[in-house]
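Chain naming follows the written order as A, B, C and D, and within any one chain the residues start at number 1.
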Amino acid sequence: MTIFEDVESEVRSYCRNWPVVFDTAKGAELWDVDGKRYLDFFAGAGALNYGHNPEPLKQKLLEYLSRDGITHGLDMYTTAKGEFLNTFRDKILGPRKLNYKVQFPGPTGANAVESALKLARKITGKEAMVNFTNAFHGMTLGALSVTGNSMKRGGAGVPLVHSTPMPFDNYFDGKVPDFLWFERVLTDSGSSLNDPAAVIVETVQGEGGINPARIEWLQGLADLCKRHDILLIVDDVQMGVGRTGPFFSFEAAGIEPDIVTISKSISGYGLPMALVLIKPEHDVWGPGEHNGTFRGHNPAFVTGTEAIHRYWSDDTLEREVIRKGEKVEEAFNKIVADTTVTELTAKGRGLARGLQFTEHDQAGKVCAAAFERGLLMETSGPDSEVMKILAPLTITDDELDEGLEIVAESVKTVTSGA
Amino acid sequence: MTIFEDVESEVRSYCRNWPVVFDTAKGAELWDVDGKRYLDFFAGAGALNYGHNPEPLKQKLLEYLSRDGITHGLDMYTTAKGEFLNTFRDKILGPRKLNYKVQFPGPTGANAVESALKLARKITGKEAMVNFTNAFHGMTLGALSVTGNSMKRGGAGVPLVHSTPMPFDNYFDGKVPDFLWFERVLTDSGSSLNDPAAVIVETVQGEGGINPARIEWLQGLADLCKRHDILLIVDDVQMGVGRTGPFFSFEAAGIEPDIVTISKSISGYGLPMALVLIKPEHDVWGPGEHNGTFRGHNPAFVTGTEAIHRYWSDDTLEREVIRKGEKVEEAFNKIVADTTVTELTAKGRGLARGLQFTEHDQAGKVCAAAFERGLLMETSGPDSEVMKILAPLTITDDELDEGLEIVAESVKTVTSGA
Amino acid sequence: MTIFEDVESEVRSYCRNWPVVFDTAKGAELWDVDGKRYLDFFAGAGALNYGHNPEPLKQKLLEYLSRDGITHGLDMYTTAKGEFLNTFRDKILGPRKLNYKVQFPGPTGANAVESALKLARKITGKEAMVNFTNAFHGMTLGALSVTGNSMKRGGAGVPLVHSTPMPFDNYFDGKVPDFLWFERVLTDSGSSLNDPAAVIVETVQGEGGINPARIEWLQGLADLCKRHDILLIVDDVQMGVGRTGPFFSFEAAGIEPDIVTISKSISGYGLPMALVLIKPEHDVWGPGEHNGTFRGHNPAFVTGTEAIHRYWSDDTLEREVIRKGEKVEEAFNKIVADTTVTELTAKGRGLARGLQFTEHDQAGKVCAAAFERGLLMETSGPDSEVMKILAPLTITDDELDEGLEIVAESVKTVTSGA
Amino acid sequence: MTIFEDVESEVRSYCRNWPVVFDTAKGAELWDVDGKRYLDFFAGAGALNYGHNPEPLKQKLLEYLSRDGITHGLDMYTTAKGEFLNTFRDKILGPRKLNYKVQFPGPTGANAVESALKLARKITGKEAMVNFTNAFHGMTLGALSVTGNSMKRGGAGVPLVHSTPMPFDNYFDGKVPDFLWFERVLTDSGSSLNDPAAVIVETVQGEGGINPARIEWLQGLADLCKRHDILLIVDDVQMGVGRTGPFFSFEAAGIEPDIVTISKSISGYGLPMALVLIKPEHDVWGPGEHNGTFRGHNPAFVTGTEAIHRYWSDDTLEREVIRKGEKVEEAFNKIVADTTVTELTAKGRGLARGLQFTEHDQAGKVCAAAFERGLLMETSGPDSEVMKILAPLTITDDELDEGLEIVAESVKTVTSGA
């Protein structure tokens, strides 16, 4: 581990909580160089929804690489990209009656968010954005300007000024009608709100603390955007690709965003890849107006295509995610009930689940206790006050039970001060 | 090809000039779905310095994937990352007597540039930047603010305001002393120049038109930065990893930038990967102050490690690049001499070479004529007035000769109006 | 009038509603070139709190000009400035136990606001501001960025980005606890609110529609600022100098702002003059860090000094303003009660009074009807939906009755559609 | 003087160099409270071109005030404003064949500059500006963004970002062709220059160090603006109203700016007043889109009207200014020739004259030495390295001789170290 401490920048972070050197991984399990096994309730921060190195995708990937399929293709037409687009259209968009043009904006979520913001500004001719409290959209300058976390914002080094925050769902514990403030400043021509090009929203805020927006709130937001001629961008980078159950997290609300960003699990194998989905009437990009070297990462197209075939040809996975999510919910509810020394709050949707601690630092302590017991979990929330579970969607029931048991033990140990 | 026209966004660009579907690739060659072969003088815009799917790297990659080495690792410690860092330190930094901390900022050049700018602002507490005319640093909001191209800047949708342009080397054809304007506004407290945190520079501007800065200009710039307490960021995303001969393009000038950005060819296989190199005294990042999902793309570490072993254990490749570059230069000089109907200018360094056309649109026409003859080349420059060669560094002499022959024919055809 | 239409810019505004040429004025009366008399319920938008050309001030002014007292003095020491400062300290600050340093920032309210914002940023090292919905602080770029009106903001031509709006008192008709949103985003480190240097507030919003903040709201705001280490700037340009009764409009709340801006009526004679009051510990200006040609407008110091002597040596004026304000309130309440065809709302404090119309355009029609009857009044509010009274504080009871009678008639005529 | 030190903000500046209390003034003379006389080579930083309290203007002013002419008129039509507009059109614009609409933007130069910038942005729909090195345009946020001085810029507290500096005339001592850099970045679509709405320029930079732009440079600039469709704003706040000879300082160049800002001496009496002159086709303001409380300062209209009658009915004053300017030039040349211990440079135009010191701090020392001898002068330039003369245009030859004698003595004393 010396090499990392000697050579890698101080910016490194997760490794500080998990000070081992990982070597191999499969499904919901990782092994370090000493052969010690870890159960994974983190899944690459949501980039490994099908677990590590899923076998069917691996076979397709090895095959493609072996036959010298083109690896790096910029935005050239390739067979791998063509197959991905066909599959995405036929298996994802078509059955959901969604009509989107697909942009490959570069391989990260931040690339997708930057593209979405640029496009929304081009479509509308307006520069202002609206983001929500505790939003997380990425670390490049545009994405950071719509992100909530003050430590990360501080890193920008220039004022982040082109977006105005609005309260996310349930920001006032239900005591204030939805959109009261947002709607008021939009209709009041003296409010000083800069007229927004678009609203960017996560349906469940992951980094913000596993905050699910209610279905009716999302519908209200879509309606508000429509009435006020504001574009609606759903950032589905973390909650898309089945994390909450359906492929798109916004399906449950029956809304159709103008722009959608997708990344993390879209390749299915942890390979860098991202999409921007654009309603056809909004596809006003000029050729090359946004570009990037790694837009055509063909191995990711190959695994992404197979992932869709394998997991999204029917609704099995969606139902499984909902079922497992309820299992986690039950386990969390039991932990909440069993914990009498402090107040915990369980929250989440599908397999994005959080346990919020009144004593903020306990969330991190529980993760540390779990790591000692061989379980990988992380915290989220503005004060790292939420213990977060983002297990692979394909995790077995046994693994899930095993992990939830460790969680319960760890919570007990930490909250009891043992 | 219908699928692309039906489903992919209008932003797609290269594919418009090369309207075929590519399938496989090896070395300096690609084949489309119909089995037609293309010679590659583009090399993924500099991301494929060792050509497509180089066999030794491929074997290591297949091996790693086959044994379920961890694929996606955020910023966790992994064996693959450890090996990359060890190799990079021992084979790249050490022999050059360079001392840098390594940050993995996310897998694209834009991620690296955004990180570099944020870090420079944090180090200095200043917000302003200086960039050069015809610079290209990326398409995210921070990177775009230091980029020259007006069409790409226009895509931002918000004023790009935190950087002031200075003339790149030879901007006035040698008629004005180097840094006359830059130095003057720095020393004049009434100039209205916002005091810059850093200067960001490419040693050879690729997208800007294959403009090489003279060695003495680079040295002068480093000296100016030192005297005025400005950080020097060299963006070596395109010109690093041997494109101009040495591993780092700035080696020839004997300068030591404060921050270096690396991407494109660093994985050696076209896999997304990027680095920020930081002088140890400037590594003031807090843990997690910059993050991103795909910072730990382990397959790229594996191929990147093998690429260093294979190509940078001695100076063979460096000498080969210089030799082949001179070969291209000779061929270009001959074309220039043979072309009497219009004036051409040959420029470049190493294997980054350009041929500038007085009649701007001829550059694109030559590329189109070359494509008809099975050669992939692209234009660059603010008016796409430069025909650009970024051939794989590992291209064979026969392939190089073959391509240069096509170039000569294509130029002749276009300029003669045939 | 041809000359104005021929030569003056289209930006001219009030004159469009009052298309006559005014010539002389005294107290609450004006006369046009044809000798027609107008009663003034506008008082120079609050710049003529003692009416037009008040005789005692006029005598001092004539005397000073006659003896060739220095007129233009930049920020040189002059006897006129010294006397003003002495009088301001002894008669205004001292009796109120307020301790402020006095800056002469240039002769307009906008100069004062720009200075206040610059100073708050210098004191705190932060760039962000908080302003309130429907605020009005001026038309220069800094002042405009904290102003609410979208039409006026649109005139900036650059994004106005360094301030975030918060709801002014009663923005939700009392249904939401005070400062719920403001306090929440301040304490939530994930809210994306840029940490504010200062809050700028009017105690009664004049241009925003004659919206008085409740005393307890102002106290709550002062308390919030203190707890969160935010500077409190009260913009008393329009509501200061007795408009609401006491010299400073914030006196009733017993709060002590960190910075206060004063202009409009401070010279007492309609002569351009402005002040910034700064708590001594915050007077961190460097010499000349803010300057301006007309900071030392000595005739204004002369009339300003006499105004303080004449009107602020005891509490007679303050009590009179409150009494006359109640008189207006009663008259307005009667108009509201008598108007059954539409709903009117009376609001205001002291002699800043408004009558809000449910049918927005009726406010302007009432002003037009009043003008036909020889009474000058204007509208305010984001949709010009409020008929506004800013009569001279020194208006006689007869004049006030006369004007209120015209108002009642005009409202009746307009709302009855007669 | 205690009152100033006790109560006035630390921002006060001129008074620190002239620590006396001034009381009366007439023409080119001031007297302090002790009756000590001072000769004025400063003239209110150019606001007193006709000297202090010029008798004919004073009579008109007293008369107007005595008859209760309306003092404060917002943008209402008044007889005083009408007469000013008529006179300005007939005596100033007409004879010069200039066609401008007149805006009263508020009573200071900064108000005029802010208006001009807003209007230029509205006309063009572009946000970027170009300013020149060592420009001074005012201290409000918009005006400051086009101002050069780094200390004053630092006071803004937010990044000043919407303007790019270009070299003023002679910035490289004539070694570089005019507009080489400016023209190059305009025509190079890869330069990263934000496409400017307008250029703002002073024909002679006063605060910047009394730098006169050559006539041919101004003509070249006007031509460049025309060719590139950029609006030309001449800021004639300090150099207009005869300071360099003609009423408008740009007359000598025969150019017609799109927008002109005027203030300082336009009232002729040191009363706050400012104008924006707008080519009729550019008068796209909406009513009230820019406003302000003190736009209608009628006493200033009265004196401004009389000043035009008195001084601009023929070309006497213009010729006198040129003659006196040459007198100063000769005196300066003699001082330069007589000073052998250090190098001095004389510069200027008309009665805006400067003497630049190689040893920067000597300029301030000379002013201090002159003050001891009863002469008021100030420094300018980014390092206060220029001793500046802005004597009243109406100064007598005797007074001028007297002052120049003091200057010569003071320079001799300081440079000889006596």
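One rule holds for everything that comes next: a contact is a pair of C-beta atoms (placed from the backbone, for glycine too) under 8 Å apart; a residue touches a chain by one contact, two chains touch by 3 or more.
Because the structure is predicted, anything quoted here is derived from the model rather than measured.
Colleague: Taking each chain's centre as the mean of its C-alpha atoms, which one ends up farthest from the centre of chain D?
Modeller: Measuring from the centre of chain D, the most distant chain centre belongs to A.
Colleague: Sort out for me whether B-D or B-C is joined by the greater number of C-beta contact pairs.
Modeller: Contact tally favours B-D.
Colleague: Using mean CA coordinates as chain centres, what's the chain C-chain D distance in Å?
Modeller: 31
Colleague: When the C-alpha atoms of chain B and chain C are each averaged to a single point, how far apart are the two points in Å?
Modeller: The answer is 58 Å.
Colleague: Averaging only over C-alpha atoms, locate the centres of chain B and chain D and give their separation in whole Å.
Modeller: Here the centre of chain D sits 49 Å away from the centre of chain B.
Colleague: Indicate the residues of chain B shared as contacts by at least two other chains.
Modeller: 127, 151, 158-159, 162
Colleague: Using the touch rule from the top, collect the residues of chain A that touch chain B in their complex.
Modeller: 1, 3-4, 6-16, 18-26, 30, 33, 44-48, 52-53, 58, 61-62, 65-79, 81-82, 85-86, 88-89, 101-104, 106-111, 114, 117-118, 120-122, 127, 138-143, 145, 151-152, 154-159, 162, 197, 237, 263-264, 269-272, 276, 278, 283-294, 297, 299
Colleague: Across the complex, what residues on chain B touch chain C?
Modeller: 158-159
Colleague: Over in the complex, which chain D residues touch chain B? Could you list them?
Modeller: 127-128, 131, 133-135, 146-151, 153, 159-165, 167, 171-172, 176, 180-181, 184-185, 188-195, 208-209, 381-383
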